[in-house]
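In the two complexes below, chain A is the common chain; its partner is chain B in one and chain C in the other.
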Partner chain A sequence: MFQNFRLSMAWLHTWFGLVLGFVLMAVFFFGALSVFDREIDRWAVPESRFEPQPMPSFDNLLRPIFEKMQPTKTDIEQFSSRANGPMPEHFDTPVRWGAYTTHRDPVLNIFAGYEVPNAIHHDDAIFTSSTIDPRDGRIFPDDSLKIGSQFFYPLHYSLNFHWMDLGYWIVGFSSLIMLVALVSGVVMHRKFFRELFTFRPNKATQRSALDLHNLTGVVALPFHFFFAFTGLVIFAGIYFPVSHTQLEQLHDQHEIHEAQVTGLPHDRAGIAAPIASVDAMVAEAQRRWAERGMAGDVGFLALSHVGDENGYVSIYRAGTDRVALTGEGIHFKASTGEVLREDPPRTVVANVNEFLTGLHLQHFRHWLLRWLYVLGGLAGCVCIATGFIFFVEKRKRQYVKQGSQNARVVDALAVTTVTGMVLAAVGMLIGNRLLPGTLPAGWPPRGNLEEYIFWGVWVLAMAHAFWRSAPVAQARMNPAWVDQCFALAFLAPVAVVLNWITTGDHLANTISAGYWPVAGLDLALLVVAGLAFIAGRHLRRKTQTESATATNQLGSAEVQHG
Partner chain B sequence: MDNFLLLAAIMLCVSGMAWLALAMDVHWKQVNSGPLPAQSVRSLRITGYSALFGSLACCLVVDHATMASLVWIMLLAGSALTIAFTLSWRPHWLRVFAVPFARAN
Partner chain C sequence: MSLKSSSSSPNLTPAHILGRIGAGILGGYVFVWGFIALSLAGLYAVGMPFHDAEAFGSIIGFLLYLVVFLWAFAAQSMGKVWLVLVGSGGLMTAAAALIQHSLV
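Coming up: the complex of A and B.
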């Protein structure tokens, strides 16, 4: 079919890269934003703008909150398809209570799961979660959306498209194709080392786009490869759900066997029992970690089979100082506080798995590495975007001759996924600051409105990109690039100003107080505005030269004709 | 101390990439007027690679090996981008890296 291997790789790289590149663009961009998801949360939920807190006292603060927790109406609605008959209104038997925090979280995420007597699968439980202020136990309203960790972050791995879990599958398939694109890209690249540092901005757009595509692809190759790969590892359970399909019985048996080995009860005993002081257990766990030379904070605290004789408390250390999530779990009998089990050191396989998932999920405390990850993610975006531009530049003249509209479509989609996507994110932040604190009755929840704004702006940006795309069919540039760059240059500072007006936290304030979560996002928005302005001005000059040349050519043609 | 070492790691990594780029004729000419002296190629490469390994050493002192390797790999990417863009827009800034190797010959 192809003359040689290199040509077949080029075909694969071009067409698969083009189709899935649009998805990967979103994955990379929102992945880069997710590095600072908790910080974006602070910006979006001003009531949570305070310093990160350690895990609060369970006995005094968390327990009363857990005891009052109940699934919300939405939780119950979502579960109803997994139950026989109508759902109960009140849930009395908690299966699990949990609280999770990291060194970047001022607020605490807690969740509770309850038995559902009429669940189709007897092990199934209904879960609900909440966000609280760990200083005083105040509960944050359900409808405020943590834009970073509840919207941008899930967008990164599921496109927030949950129907039949299709979003996960699209992202997973795209990651797989990305691995293919990386390998085929390396095969195609003739001057891998010789052009490692090469970027010639003054050459023709086609050449400079390819330079930039190669540069950002090659220098960040380990990053691209590892993140696509570890992303797949993290969701392997979704992509290969063997433990709940072919191997379901084995999985259930294994759970029971594991319970026997670890001594942690698999089921409730059915005998009610009180809960001893969990704070004392936390103190004991911390003493044991310190004894092992790894003193640390609690990252994850969970109670299983709550209120039952078989209940136990698991306390995990926060993995702040390593490439890991949480670890060194110590488990206590809930009714007495005696230690049931200390997790043994991990096996080699578990260590590798922990490293692979940990390097992607980055719960560690390392600001330099965080920023370098953002750089890697943005390099990925540049790589994909320049891929689109190269595709259009290379073919546009040929398409003009054929009278084809293909270049128009690809170019308009490129505008949508480059400037359009950033506009949507900025639009969402603006919406977040403009929506009133309490919404009029009958309005959808605040968080939903913010999501509608995001998708609305994105759709508008797409419509605009297609509407303005006619010049591409004559091998000229789409003016939508310029328009959207200037729109960004205007709107990003608007978000910064609105943050100032609505919360009083202007940059001089946040920087002098050293409150970097908010100052950082404001500064990033200003940088975006600056870059968008420079890019817009540069592109406008280019369109002007283009149209001047076109007019000249037309003029000289007329002279010749005359 | 940790921040100081990380800063050293960044500077060594960027310098290392600069020397490796200068060891290529085309980039040397972007920075200097004359051609790249043949004898300098080897010394530029050795200096470049040593700086990169020095950077790795700094990372290893600060963090656990697992984390340090990530920091270093990402630093390599960041430094290569920095040098590539400097060569595109402000090549003369890299003259400081070239001077010792030009004078020696």
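Coming up: the complex of A and C.
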């Protein structure tokens, strides 16, 4: 394709990086926010602002809630394409009940799956989930959106675009391109190590953008590679569904064989049976973990084949003290409480796999590493954004000569994915605080409205970036950068003030109480505002000198600025 | 990396670029599919636990995808890229099917 290897790598880096960089910006930014998804949830759902709780009693608290759980209308609608004929009104046979928590969760996530008699695939089940207060079993309203863990977090791996799983595929391909961009980026640069220490902020924009691009790319290279790669491994089952398509027979054979080896029944017996005390089973599991010298917090509790003779209870240890998510599972016969099986130590491959995925998902307790993840994610954003700026700076004069609008488009999309994206996130938080607790009848659910606000602000920011982009075609800066920086500098503190007005939790309060989930997000919003203000002022000064120079050298295509 | 140096390549037509992109994405996909299927079926057949074989296949598979994707753009002959990726991907997929057939 090209004369040499380096040129073909440069071509790949430039053009694939340009096209998919816009997706990767969102992946890195919302991935960075996901590190503190539970904390963002606390900010967005003020009723959940209390300390993390252990797994509550199953017998007294969870069981009555599970027994009353039923799929919501939305769950049923979503399932209907996987069933023959109309869906049942009521679901009587629970396949699975589960409760999941981490050391950062005050609220408890529970889910239940039910048999669907007319499902197309006989194994298929309809699932529904709820969020409850583990102290008293109060159920949080369906329409309150946990913005961190239910919106920003899935946004970073699916773009919240679920039609035919297309969002997953776009992000997956972009991750592959991230890996490609890292390898090709290293190949392009001969002076790899010198670039680790090179940043010339006072040179021309093109030079300093490239320095920053190389610096953030090279310093965080292992981080970028690791996260793009493990992101792919986590969703390998979606990207290469080999064991559920081509090798499904082999997979089914393995499952039945495994059920024989483990003694955990694969299917229901069809004989009704009661459920013994699950709390006693939890106590026994904790006794066995303690014997092995392990911390005894329950992370995941699941009942399979609920109410059947073959039913069993699986209890897993929370992933606070190691990289793997949950583990050391102990399984009990549900009707008697006798131990059926203790999971054996993990194999080498399983260890490697859980280390890779666990280090990405980071459910263990390590606040320093958590912050390093945020920095790594933001470094990724800086790397990609400076890539766009370098692209525009390098070509804008050439495009002016050709009368091309390319630089204008790229620059407007860069504005959209840098300041526009942050504006959308801040706008969503503001919407979250401004929407009334109970909405008038006939309105869409509250959480949906918050999502519309997010996408609406983002589209507006994009329209604004394009509308203001004319100067780029004359090799000057798009004033939308300045406008949106100042908009951020104004709106981010508005979110902080609204949090104060609507909940009473102002910074002096939350900091003195040491309530960091809320104090942290408020402080982060103020930092965003400060940085946006500094950047906006700097850029405005630059546009002013730029237009002054431009008037002085009217008609000259060789406009330079310092 | 500039347009100038790349446009001096004689064969950089849109059709050729699309051919390369197709080879990297689709050819690479067929190849990695074959690799994951064969390593899953093959390793399971020789006694590795099912999910271990699956995890092994996807961890190595994505690294291979990266390598063959880069190769699709760096190789001199595009025809060879298509042939090698789709050919060996197809062969590995078929081998996996045969192993499954003999096990089930």
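By definition in this document, the second predicted complex is superposed on the first by the 553 of 562 C-alpha atoms of A that agree within 3 Å, B and C clash if a C-alpha of one lies under 4 Å from a C-alpha of the other, contacts with A are read in each partner's own complex, and residues count from 1 in each chain.
The rule is short, and it goes like this: a contact is a pair of C-beta atoms (placed from the backbone, for glycine too) under 8 Å apart; a residue touches a chain by one contact, two chains touch by 3 or more.
All figures in this text were calculated on a predicted structure; none of them were measured in a lab.
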When chain B and chain C are modelled together on chain A, clash or fit = fit
So, A:A273: does it touch chain B (first), chain C (second), both, or neither?
-> neither
State whether A:I511 touches chain B only (first), chain C only (second), both chains, or neither.
-> neither
Is A:A220 in contact with chain B, with chain C, with both, or with neither (first, second, both, neither)?
-> first
Looking at the overlay, does A:A119 come into contact with chain B only (first), chain C only (second), both, or neither?
-> neither
Scan A:L434 for contacts with chain B and chain C and give back first, second, both or neither.
-> neither
Which chain makes contact with more of the residues of chain A, chain B or else chain C?
-> C
Scan A:I170 for contacts with chain B and chain C and give back first, second, both or neither.
-> neither
When the two structures are overlaid on chain A, which partner does A:L7 contact: first (chain B), second (chain C), both, or neither?
-> second
For A:S184, select first, second, both or neither according to whether it touches chain B, chain C, the two together, or no partner.
-> second
Once both structures are overlaid, what angle do chain B and chain C make about chain A, taking C-alpha centres and a multiple of 10 degrees?
-> 90
Shortest Cα gap between chain B and chain C in the overlay, whole Å, is 18
Over in the complex, which chain A residues touch chain C? Could you list them?
-> 1-3, 5, 7-14, 173, 176, 179-180, 183-184, 188, 229, 232-233, 236, 240, 242-243, 246-247, 249-251, 253-254, 258, 347, 349-350, 352-353, 356, 394-395, 398
Contacts from chain A onto chain B in the complex sit at residues 194, 196-201, 215-216, 219-220, 222-223, 321-323, 355, 359, 364, 366, 368-369, 372-373, 375-376, 379
In their complex, what parts of chain B are in touch with chain A?
-> 6, 10, 17, 21, 24, 26-27, 63-64, 66-67, 70-71, 73-78, 80-81, 83-85, 87-89
Going by the contact rule at the top, pick out the chain C residues touching chain A in the complex.
-> 1-3, 5-6, 8-9, 11-12, 16-17, 20, 25, 32-33, 36-37, 40-41, 44, 48-59, 61-63, 65-66, 69-70, 73-74, 78, 93, 96-97, 100, 103-104
